[in-house]
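See the structures that follow.
Two complexes follow with chain A in common, the first pairing it with chain B and the second with chain C.
Up next is the complex of A and B:
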């Protein structure tokens, strides 16, 4: 009864989604978004009319200017710095614009360019000091803030009256000042355009990526060969220019040069950037976050004015908001990874059938023996992780390694070896196609074809994205084993979409259907998912009817058969339901049967834990990863089954001395070659009575069984 | 109310009493491979209870008492396995049996058999010691589980052990009760009675009034028999390691109870005397063989460990057999002129740590 409830609970509630959402980059926006909603709710209730169209559109001109300044601050923060001089530059630009337009009557486009240039010049000074001379950003920009502010104050003292008196009227000036485009003031349209451009710049263009890289880790960026100093300097120039642009709009809107112009703006901009979720430490943030932050701060500060707090009250509130935002920023950054690592692994309910007997003197087909004790060893200590060795027509032995190579051991004695090709990822399952090309699943990369000329060609690394998956499952994360149908289609398994090669075992703790089988059609070049939600689909082997293949589900401890052609096309059924261990690769045997590797054995303690997802979840949270309970993968065996799923033979390495974890075996010319994904040797076992002429390619051609 | 709440909160978070941290093997406990490298004196099935008697060094193996000095000369054989052994200065032997009896062989009380103490059945004799020729100190590990069922006792979080002073032929007195598997006795030269309490990973002294004081706590394993050390102090055999997973399972009562009900004892997630030998035993991730080898620092449910304690019962040195070894489950030790003799109950071996290996 209780177990039924547990089963239902884990079937209905998708626990794994929480971890997947937390792993997304856009989750950083969640907190600012919640803050925005809270702000709107609280202030909307306090101030009647705030949330009406009129209330909001009154803020629009100011919004454009502020957004530009916040973007200025954001870009510097992304590069790992801070620019306190934005307020002063804003005031300088305001004064320069008014002076040139009103006092001297220069043409507007020229005035704008000069004002922007002034801002850029101040930014350049900052940039040179901070970027090239490596001064502290905070102090340097504080000094520029004071100097530029003083300059503006002196100028205002001298020319305040003249500056404020308009002498000319210009169509451009009027357009900027009063017109609306698409219902928005020009300043907002420009600011939003800049924002979109900035978003594209930061996420799609090389210099934008460089800014994020430099901000994320200056040293790594330097080591990667990025122009760190130039990048930092550039962020200040961009910042100065954007602040100046905001100043121009301010000038056109108010046409006044007071000494309080832009005072305290740096704090507003900083608050907005941080409240939006841009990290003070640099490297993490986006334009969208700046936008969110601007809206929040704009609404809060205007509401505070409407609430008519006593003098200094609104500054106090904004200061507290900044403090809270900084605290959240620090905590979030520090704990996000921790939370993620706690919640990502999400076990689910699973009940396996009774494990078959394996006792030595039992009548079970799985009875333990020690026939693999005296295997010949190939490449002992020279290879790391031969997951699925394979032999070519000449009898040379190929094997992937963890270092990303495919190693070739040369026939007949396999003492000499050479690197056949370097793929860059761990090559797992392998198969030869009819033309003698080696097709292999490379973990983390996809399916590759390697010709006899040692050229590697990518066949597929993407499939159709499923509709309701939070994880982007279009990319292949852990392509595992493959086989090639008579018509040339390649069917391959992707063991799990939730874990990488280095942590594939953790998928056992979840035992959810995280994997799938995918087919690649070389005729059309298309890739699509054939069966999904499988429990770690692993080995694939074509049946001899040319219409179906066998596949293993490792955590499901079962072998199934899928028909891709013929009358039963598109269906699959279980052939062997309950194995005593965890099945891995399947390959053909010379007597018409199929070899199957059991990578590890079921233990009563783990089988029981599978029925208790809460137990596994708490274990993952509280116990160090090294001490987690796993299936017993220190022992393995090879079994042979026939077309009906009957077990006909069984080979054990009882002590696990040479082959503690057998992931694959390959029969060739009377020998059986054994591989293990975390082993450092390939075993070679003489099969008594096997056909010495039999090879897999002869079998696939139909010349042999 | 507050206490209940904080207990509930700790349980939820796995903190406080529900934390699964285990003490580190550091300082004097820094690992080595000394026990793996030690000389094999004698291979015997499950040797235990090294004792110096009038006729020489004795140890038990199953239901037999063997003499060590002369190979494997059989001294006695009983109808049940031997779980505890002590020799008195006058040549008598006290033998604790799995079947819930303590026998006296030789001496003034030859043939005496005790199967009840103060009316309570004697179920689990784990250690014996002669205070004088006619007074026996008896450690009872549990009031319900026989010594061979120690794993079950641990997984039940048993704390029903007791300590008795038994004047032979007289009325026994209970010295302490409610102990979590007392498993070794040492009569210190200063008259103190030191007892190892396995499930609480500590040594305590028991005073006449029954008051217990902590002597050494937070051991990284489950302590077993104690033996006096020349020059003061003691030798302490630690028969199995504590591990995060086991501590965690102990807190998961639902899992634990079902495991005890449905799974054979040797396949439990529980400490063990022997190194893994079956693929049906549970495996922890760090104990996966990589490149064909098991790392010595892998998480393990069994190990071999002997500690040397100084006169204040602080560890000063240690000898180990680690996860990749087989001489696990050290249950007893005794010092002689040529070094230290130890029994590896899980490794079926009596071993000698030569004087060059001792401090």
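Up next is the complex of A and C:
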């Protein structure tokens, strides 16, 4: 009863989604978004009419100007700096625009260019000082803030009267000041255009990436050869120009040059940028965050005015908002990884069938013996992680290693070895196609074909993305084993989409069904997921009917058969339901059966833990990883089964020293070659009575069983 | 080590030479510069700047910065005056004001040490919050006059003199001396240098970094309160809007120009005194010459910029040594 409830609970509640969401980049936007909703709720309740269309559209012109200034602040912050001079540049641009238009009557486009150039010039000064002279951004831009502000004050003192005099208005000026495009003021349209361009720039273009790289880690960016100083300087120039653009719109809207123009704007812009979730210190942030922050701060500050708080009240609120935003930002950045590592592993309920008997003198087909005791060893200590050895037509032995190579041991005695090819990932499952090319699954990379000329070609590294997966499962993380159908299609397993190769054992703690089988069709070059939600699908081997293959689910302790052609096309059924251990690779045997490696044996303790997901969850949260209860992977064996799933043979090494963990075995010319993903050797066992002429390729050609 | 010590000494000496040159220049060109009254006024005016400079120097030596000193000074003392005007006994009012200042310092220290917000932002925002909080909830007006406790020992603090020397100057000397002794002799002072020089190494060797940061900002707030009391009692009023002025940049100017390295761990109180004298002479001369306030701002800013550039050349940071997020 209780177990039924547990089973339902873990079937219905998708625990793993929380960790997957936390691992997403866009989750950084969640906090500012919640803040926005809270702000709207609180202020909307306090101020009647705030959230009506009229109340919001009244803010639109201001919104455009503010957005430009916040974008200016954001781009500098992304590059790891800060620009406090935006408010002064805003005021400077406002004054320059009004002076040139009203006092001197210059043509508007020229005036705009000059105003933008003024902003860019101040930005350039900042950029040279901070970028090239390596001054501290905060103090330096503070000084330029004061200097530019003082200059503007002096200019206003001298020319205030003349500037304020309205002069005949031109069509362009009226358009900018009063007209609406698509129901929005021109300033907002321009600001949104700049925002979209900025988004594309930061996320798609090289200079944008360089800004993020410099902000993320200046030292690494420098060591990687990026032009750090120029990049930093450029962010300030962009910032000055954007602030100046905002100033032009302000001038066109209000036509007034007061000494309080843009005062305190830098604090508002900083607050907006940080509230939106852009990190102080750089490297993390986006245009969208700036947009969110702008909306929040705009609404808050306008509401504060309308609430008519006592003097200093709005300072209090804005200061508290800034502090809270920075505090959340700092703590979020620091703790996100910690939380993620706690909640990412999310075990689920699984009940395995009864484990078959393996007693030495029992009548069980799995009865322990000692037939692997005296295997010959190949490459002892010279090779690390031969997951799936394979032999070519000449009898040379190939195997992947943890270092990313495929090693070739030369026939007939396998004493000489050479690096056949270097892949860069850990080559796992292997198969030869009809043309003699070696096709291999490379963990972390995908499926590769290596010709006899040692040239590696990528066949596939991504498949179709599933619709409702939070994780982007289109890229392959852990392609494991493969086999090739008679028509050339390659079927391969991806063990898990949630963990990398180094953490493959952690997937056992979840036992969810994170894996899938994928097919690659060389004729069309397309890759499709065939079966998903499998519990660590591992070995794949073509059946002899040419229409189906057997596949092993390691954590499911079962072997199934899938039909990709023929009358049962698209269906799969279990062939061996309950193995005594965890199955790995499957390969053909010379007598018409199939060899299967058991990588480890089931234990009653872990079988029980699988039925107690809460226990495993607590263990993952509270206990150090090296003390976790894992499946036993210290002792395995090789079994042989026939088409019906009956076990016909069983090979053990009782001492468990030569091959404590067997991940694969390959029969060739009367020998059985044994591999293990954490072994430092390949074993070779003479199969009594086996056909000395039998090879896998002959079997696949149909010449042999 | 030796070369950098020699270099700091050189910068200090340069500043002294410039100060003397300005002094001589102003004495020769400005008729009412070298008068006893003006010199006294000069020293008196800069003593508050100097005391605030000492507070700032403590923060900067510990690799922090305290942008809230001016706000702390203004609002805590304004509250003292307000309380005393409302009939609270002056000694109790002073205690309450001091408590307010220390709370602001404690909040700064907490934000920097425990929440790990960069000091520059924590103190900037805290200054705004402190001003907003006190102004909106505790004060009646921007400008608070000293009415309740006029003609008492309290007013004497800032306006009186001993043996012809204004109390403000004496108190500046006293604060500087105490701070110097703390920095040079006490364990906390030596730890402050260690922390400013290399916080990670200091923590590894067992320096209690977080309590020390708390102490650092609490001390700086306490010194700011002393400066506020002197300022308020010398002019019999407090203008709270000074919290939003550029005064804090003058203080940074005083500290940096005297030779206290912004990257922390370098400099002493002597540097603050030298910087104070130079800025005092400069501002006094410009005021006598009737240089407009905005132009004075520009000149001071340019000098500060120069000081930061010199600082960054003498304590260079490059791509390899700069800290991430250190802005």
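Following the convention adopted for this analysis, the second predicted complex is superposed on the first by the 704 of 705 C-alpha atoms of A that agree within 3 Å, B and C clash if a C-alpha of one lies under 4 Å from a C-alpha of the other, contacts with A are read in each partner's own complex, and residues count from 1 in each chain.
Simple rule for what comes next: contacts are C-beta pairs under 8 Å (C-beta built on N, C-alpha and C of every residue); 3 or more make two chains touch, one makes a residue touch a chain.
Since we're looking at a predicted model, the values are computed, not measured.
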| item | value |
| --- | --- |
| Overlay on chain A: chain C relative to chain B, clash or fit | fit |
| Partner chain(s) touched by A:160 [first = chain B, second = chain C, both, neither] | neither |
| Touching partner for A:470 - first (chain B), second (chain C), both, neither | neither |
| Which of chain B and chain C A:698 touches, first, second, both or neither | neither |
| Touched partner set for A:331, first chain B, second chain C, both or neither | second |
| Chain B versus chain C as contact partner of A:656, first or second or both or neither | first |
| Which of chain B and chain C A:612 touches, first, second, both or neither | first |
| First, second, both or neither for A:624, with chain B first and chain C second | first |
| Closest Cα approach, chain C to chain B, once both complexes are overlaid on chain A (Å) | 19 |
| Chain A partner contacts - residues on chain C that touch it in the complex | 111, 115-118, 120-122, 124-129, 131-137, 139, 142, 246, 249, 252, 262, 292, 294-295, 297-298, 301-302, 304-305, 308-309, 312, 316-320, 322, 324-327 |
| Chain A residues touching chain B - in the complex, by the definition given at the top | 358, 381, 384, 505, 581, 600-606, 608-609, 612, 615, 618-619, 621-635, 656-658, 660-661, 678-681 |
| Residues of chain A that touch chain C when the two form their complex | 80-82, 129, 133-140, 142-143, 146-147, 149-151, 153-154, 157, 217-219, 221-223, 228, 267, 280-282, 309-320, 322-323, 326-327, 330-331, 334 |
| Complex interface listing, chain B residues touching chain A | 14, 19-20, 243-245, 248, 252, 254-255, 258-259, 262-264, 267-269, 276, 279-292, 294, 298-299 |
